[in-house]
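My questions all concern the structure below.
Note that the chains are named A, B, C and D in the order they appear, and that numbering of residues resets to 1 at the start of each chain.
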């Protein structure tokens, strides 16, 4: 248990930034090599959080599609934890039981993984964290693949500032209270605004639970208690889509009267941007399937991998929307 | 005048109504009147009151169906999932994802969605009435499965639709009033008439009070149960339509998530005993308005997100205590003692 | 009466429910050591309320209760028990989900050395205790396996076993047959010898004169007087209870079938051939004719109620056939039975009869409403009229039709149930202990109604543990033992001895 | 005669439990036949390792259910205990004090709910729903982030385990974490309380009918309040075990767990109308839900089939159980 004692220490942020997504082809080579050496398929057990959002579904789909397309080389054991950490822990234990090569995990929560990670380590199975971090000692997991919520919040703040000309009132639609995506996206955004844009005032901030329906309801209320709102920052696209409806009902023009910035980059928001009803989304790439398997293959082959494999994120604005829309997979 | 007042005050919906009015007044005062302002935007009424009605419409409909079930001492916790199924079916049809032959026909979408809700209700009713599984567990099966089924229909995606006709279900206005209000009036009116004008209401209360004795007077308890669970399912489907029309799409993961608790809460605030017996559908509907207005109040007050639940919990307790006879007796006694102390 | 002998005194007790109902007004009562004291009055006179006030179930509005000269003010049954008052309330108040033995000992379980409940001892003690009451049942079975009568005996056994100074029995004998009543009296006498004071409520005057020492009469919630039993003739007692002349009542009580009771053969209403039901009746044969009053008699658990339930479609018929008016009938549910013109007033008023939270008028119209169907709602006006009619006919004591039935006195609840079935205008009326807890005046009234209805061609099945009543009404009697018919008596053959003989010996006529 | 009667009673009273256990075994066998590596001691022991906290909480909830009430606040109480113990430990409060404090909080919360329900005749569902909101709300008020626990005692409990070896093969090896023993203690105490103490029996009587119980001279107020107290106490204890299990406190943990607890109890033969139920049944109920979850994981399903499959298995199980029970009741009538 000595490893776990350092778990409270800050997780070192690795500096490496490799545009891994572009090297998928190379990755497949590696995968093939790995399976040759082992003489059998690469077995990956993946414990997914659940299906709380369209983004998550896209991620799941990407993983599953990769696995089925490369059925000769990899085998995927997939578990849907239905938003419960307990289920994820159970799933990992089952993977250990079944003797998979690598375990992938998108942790529901940051904490609480020491015990089960230790078990995996005992069994000699490396763990890859996907899109969310786990608060454990670095020795307990192999690598983290994904982006940084705080960074996303900051990017969104910059975009918002650009859109409304660095001053005016804005409102914020928060995600589920307590969810790390919500907390970090809020911290990143709020800090950036406070630090760099004194002219912008966040006049109201309330949770919309990451859903369209609530996003709409909360926005309705914001519109009534605050006059001349210049912009809306939503922690995910779904809430932004809900807010757009509320703005329209109030007789205002979303995207013009009130600027809209959100995070995730799901198809719906691109459609809205193409229609001029939204302004900007910070993409948080969910198509992590290839990267996951490629890293797993490396791990199986005993190669070293970075502690943080960054996925490529990007900012999409309304003028780019129409162009990229046809290529959007999710 | 006095007599009408007395008669009114005996009704079950009287207290919930007073509480609702108090909540509204409170909001009006805190917001310095902003709360009650109604303006005309794009030819329809616009304001917080309208929001309460429109956003509360789902809950009011669900509360109507739920009241009957609770009156028999049962529960239906699958309504949220049925909403998801209904939304998924309707949006997928409008979108042409399933049953392409319907060609995005909104009417077909609505009918099939309600049909799906009805079938779900029958399934619940069958488990409760025939297999005699305890309601909470019987409906839990569909609660868990329902979202999965909805996701199977939409292939796990949020289905976004474009159909002005379909949007009308939530966003439409008739005479400046939101369309969901008319749906509520229609469905709740139907229920009130059905339970009041036929002997159905009497039989329900009888079953809720004493199922054995009800069986002994010849009431077909099984059939009653089947009927009310079916109705509840159908109503949930309608609520699902309203929800999906509101967000212009089907969000299987979140549609109606946790709304069953709110519906039960609404019925309880309406003063119906959850263990069965006397019920009042109008009271439950007002209960639903109260639950909705609590949310609106919390939003209007700008309470920090982290404190919302705490505040809601306190409000629920206060509302329930204010309806408790025992509590009133206690307070009155206190006051009298105080007065005596002061007097001497 | 020496003051030193006084155990319990009650002075100036008043109790009102709301504005309309004054259940007790300035009532007084006293109980001596080593006496059995009858508390009498019509239905709704306030007997049960007085008992509830005494034992802290209801709060009194005013008044004083003294125990051994010390003022007490119990606020719950538990506190009353601690003061030494043990009570059997009118409705059987036991836990159906617990075993018989546990029902007797719950709250005062014997412990073993480790301070844990000694189940062996509980069961053994319970068996021993019930043996004293001649009740040989499996004490480890859940209480709801047994009929009301058994449950009542268990409740009595429980109360009498509690170490107390005062024992209150509110209509303990209402569904017991004479043998059980005798047993109960033996035990009461023994307790009296031990110095216990016993309050005894009943509607059977014979029983009053058999065991009690003194009588207190209540009428309309008011205290009428306390008398020595020996010194108060029966006629006067009844007079004091009902507040008017006894003569008319006597006439009613002695109502007999008109002499031309050599009544011609009527057509058969229902005919059972070889009917069996899983777990209950086996190979039952029965014919009931229009215009006759058929009685079922038998000992506790002999299957009288079970047979009636089968006839009403509550218990399923697995074999045999039923013909109603010469046509095959399928009695799969009570609704089928009701549609065939059958009505059934069940024996367990609390669990099978009343719908407690509903009002009197709703309770009355319920069966009729079922008969008419869900879409033919009985109008409020018609319901009101019906309710008023029966309230008057059966002398139901209530401030109005809106009163909840659970707030009525036991006897009045029974009347409402009776009204419910009379309102359906049945062709075949089955009454299982219909007079349970009903005062003598109304009892006579009910008998008259039964005879009247039968006279007008209705078939009646009458089940009662009170043999006198059966003797008076029945034109034919079937004796049951162990779920089987063991004998039949017709018209003049019906007599107590004949019934007893068949019940005991199995000599079929 | 007497003897046979007794034996029959034992048989009949536990029939639903027997059915449940048999069905559990069948499910286990099904999994073993269908999936590789399924049949092993550790699959079985993990049911306890992974569900200990749920079992503890469900045992507590069973008390309330037997009394005829319902407690839907347990999940949030678990989360609350987790968060606040993590919060306190982070600030250096000694572990034993934290645990003691949390258990105390559990008792207080439960008793308050019980008192509101009893004295003001509020509906249990609503009071505990408010309790649920309150506890969840307090979680995020304390901390929106999840707080890791590094206290040595908690760590020992989290990672310490006893190896169980019944044979050479891997399938015969398993392990039991220390905290499972807490479950065993709670279970034993609950069985003892329900069967052999006055309070336990009062609870059943209360479930059989509140009026009857009070007219029989039982102390309804105390029993009822204690039932809720025990439920919350067990939830708090479950919360502590959960923080052993995850070594963290987080406010969104265990959402909807109250339904798992309720359904486990019901599957184990508890009647929601009160008066009937055993803790053994509840524990088996949790094991059944656990095995369903395990099977689903082994089945390697497409995400959206997961829920449907879980529900289908649950449904299958409950329906079979009910049908057998109905049959048994009928034939019981016949035999007598």
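Some notes on this structure:
The working rule: contacts are C-beta pairs under 8 Å (C-beta built on N, C-alpha and C of every residue); 3 or more make two chains touch, one makes a residue touch a chain.
Note that this is a predicted model, so its numbers are computed, not measured.
Between B-C and B-D, more contacting C-beta pairs join the chains of B-D. Comparing the centres of all chains, each the average of its CA atoms, the largest separation from chain B belongs to C.
Annotation: 44 Å between the Cα-based centres of chain C and chain D.
The distance from the centre of chain B to the centre of chain D, each centre being the mean of the chain's C-alpha atoms, comes to 30 Å.
Taking each chain's centre as the mean of its C-alpha atoms, chain A lies 34 Å from chain D.
Counting only residues that touch two or more partner chains, chain A has 51, 57, 60, 177.
The residues of chain B that reach two or more other chains are 151, 156, 305-306, 308, listed in rising order. Pairwise, the chains that touch each other are A-B, A-D, B-C, B-D, C-D.
Of all the residues in chain A, the ones that touch chain B in their complex are 51-54, 57, 60-61, 174, 177, 204-207, 209-213, 216-218, 220-221, 224-225, 238, 241-242, 245, 249-251, 266-268, 271.
The part of chain D that touches chain C in the complex is made up of residues 5-6, 9, 192, 195-198, 201-202, 204-205, 207-209, 211-219, 275-276, 330, 332-334, 336.
Contact residues on chain B toward chain C in their complex (touch as defined above): 197-200, 202-203, 205-206, 208-210, 212-220, 277-278. Residues of chain C touching chain D in their complex: 57, 76-78, 80-81, 87, 89, 93-98, 102-103, 106-107, 109, 116-117, 138, 140-141, 158, 278-280.
On chain D, the positions that touch chain B within their shared complex are 116, 119-123, 125-127, 129-134, 136-138, 140-141, 144, 259, 262-263, 266-267, 271-273, 303-312, 314-315, 318-319, 322-323, 326.
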